[in-house]
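Two complexes are shown next, each including chain A; its partner changes from chain B in the first to chain C in the second.
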Partner chain A sequence: MSDELHGEIRRVVAEHARLSVDVDTLADDSDLFAAGMTSHASVNLMLALEDAFDLEFPDRMLTRGVFDSVNAIAAAIGELNGLAPSSNGHQP
Partner chain B sequence: MPLRIGIDLVSVASIEESIRNHAASYLRRVFTDVELTDCTAADGQPDASRLAARFAVKEAALKVLRQGDEAIPWREIGVRSDRHGRPSVELAGAAEASARRQGYDTLDVSLTHEGPFAAAVVVAHSEEVSR
Partner chain C sequence: MSVTVESDRTLLADVARIAAEVAAPAADAVDHEARFPIEAITALREAHALSAAVPEELGGGGATLEAVARSCFELGRSCSAAAMVFAMHQIQVITIARHLDGAPWFESYLRRLAAEQRLVASVTSEIGTGGDMARSIAAVTEEEHDVRSFEKKAPTVSYGAHADDLFTTVRRNGDAEPGDQVLVLSTAGQAELEPTGVWNTLGMRGTCSPGFVVRARFAPEQILAAPFSTVMNQSLVPVSHILWSHVWLGIATEAFERARAFVRSSARQRPGEPLPAAHRLSNVMAELTLLRSEVAQGLQDFTSEDEESGRERLLTMASILRFNNLKLAASEHTPRVCEGALEVIGILGYRNDGPYSVGRHLRDALSARLMVANERIHTTDAALLLIAKEA
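And then the complex of A and B:
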């Protein structure tokens, strides 16, 4: 995954996930829900990611696991862009 | 089949923010057509307090239904009110399949909104066993 992709995801997370900590203090695999993201904030995060990356998360991807870390989000975006399947457990 | 209970609390301001930032795409992805109709104020604008209560119902129901990291879209859990204003939960698609698979045929709900917050409690049970 590119640093550019992770950087853009971190920008969107910082703006929309309403974390209780600075996203820059989190690792790429840190749990965003554990860092204070509520279920409703995850909706905003999903919609903001769709705007930022010009894509739409299909119903099968509406799981907590898809949005629970920067790495998981990057994997899902990669999968939607036809890159390698994500490794966070959801099935195509 | 044991009862299962879910609860959720939602900030009305968070709903207002989502409507402000994402407008129709937010409303379309999260709420059913019935909910959007029921939660439209007289001036034609979405009623954030009532929508917050309905989002709380969805999350409370997910806490009851979701096994592991199952994909259940928010629109597949909806609230409908009868002519007396009594709410009930309507399930569709993956949400309905999940309830059926777990032996639940009824989700009862109680919801409220006051000031900056809305809350809901959902109880899943089987009518057959409850009689």
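And then the complex of A and C:
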């Protein structure tokens, strides 16, 4: 997983996840929902990620767990780009 | 629905008898006096129906969701309040049974529930959250090493004063975000309910659901360990929508049957004459058929999604939309069927007495759109629709 990918995810998270804390204070595996992201904000985050990375998350990946941390999002994007063979998008 | 399991057959036979012989005769008094349907719930206790959904290895009936849903439907035809109390209790039991993950405290609780036929109420809504079940203000507080507590201001707690135990949503701790919730099962003696009003409503009067301030002190192991969002999406919400909609289908079916009985009686009195009411009844039947199909399909979709992929699919937005749509459709069609039945019957349906009265059914049915307001569900769905691909 490249630093560039994580950096871009963090930029989109900062703009759309409406966290109650600064995203820079969170680790890559910190739970974004525990950091204040609401279900509604998570939908906006997913839309923004689709736009930023020019991809579409299929229905099977549209679950809370796939978007609950920077690492989880990176794994999901990696899977869609054929980079990581994760079956469900979750970080191990 | 075909029933192949022996435990299911026993449950359905008991519930059919209780619905007809106990719940139905008391339904008008329960409604009129806005009192708890004590005789029906007592009879269900005696038949061990309160533990129908507890696994057999924990001393319960091991009934399937289909059989529990069918029971809600049967009771709904007789007494909406008894049916809704039964449904809400089963929702809590099924949720615990599906997510206890072998936790010793919860296993022994379900054994105790089965042995003592304990009634569980839920405390999910909270003043200040705008009806959003996914957020809490009240939080778990650490009192001492092995004691936790919370205080929650609930605008409604259905049959709160009549329940043995309470299943309550609260924030994980005082620092947690509003959405970072846990479920706490407090037993009688651990919780104190201070009523903040009376329950005097248009319908569903026998559910006795006034507001309470709930204060509880409990042990840490009484907090369900499974993540709340998983519990909510895999069980609490879809099972609620399935069992509620079966209660509502029961109410609509009874209103329709009263209209049909009225039309038959009219036809017998004037054989051979044109009968405009029969024509209207046909319209109501079409509406009821749609309702019945959606309720049956909702249950079937849940069962198949539950069995495939270790419940994973139930976590998807497509699945959340699907079971929200069941609630929206069933809650909107049910009062329409009742209203249609009223138009077929006319003044004898509008009267509060007599065999063709459907006022109670219509009033009870109107609660369906409000218990978790459809407007709130539409708001959620509107957001999910932006990203979900197939629903």
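The rule is short, and it goes like this: the second predicted complex is superposed on the first by the 85 of 92 C-alpha atoms of A that agree within 3 Å, B and C clash if a C-alpha of one lies under 4 Å from a C-alpha of the other, contacts with A are read in each partner's own complex, and residues count from 1 in each chain.
In this text, a residue touches a chain if its C-beta (ideal position, glycine included) is under 8 Å from a C-beta of that chain, and two chains touch if they have at least 3 such contacts.
A quick note: this is a predicted structure, and the numbers were derived from the prediction, not measured.
Peer 1: With both complexes superposed on chain A, which partner does A:L62 reach: first (chain B), second (chain C), both or neither?
Peer 2: The answer is both, since A:L62 touches chain B and chain C.
Peer 1: Quick one: classify A:A35 as touching chain B (first), chain C (second), both or neither.
Peer 2: second
Peer 1: Kindly classify A:V43 by the partners it touches after superposition: chain B alone (first), chain C alone (second), both, or neither?
Peer 2: both
Peer 1: Touch check for A:V13: first (chain B), second (chain C), both, or neither?
Peer 2: neither
Peer 1: Give me the intersection of chain A's contacts with chain B and its contacts with chain C, in residue numbers.
Peer 2: 38-40, 43, 46-47, 50, 59-60, 62-65
Peer 1: Which of the residues in chain B come into contact with chain A in the complex?
Peer 2: Against chain A, the touching part of chain B is residues 8, 10-11, 14-15, 17-18, 21-22, 25-26, 29-30, 55, 59, 62, 69-74, 93-94.
Peer 1: List the residues on chain C that touch chain A in their complex, please.
Peer 2: It comes out as residues 134, 176-177, 179-180, 229, 233, 312-313, 315-318, 380, 383-384, 386-391.
Peer 1: For the complex, which residues does chain A have touching chain B?
Peer 2: 16, 18, 38-41, 43-44, 46-48, 50, 59-65, 89-90
Peer 1: So in the complex, the part of chain A that touches chain C is made up of which residues?
Peer 2: Those in contact with chain C are residues 20, 33-36, 38-40, 43, 46-47, 50, 56-60, 62-65, 88.
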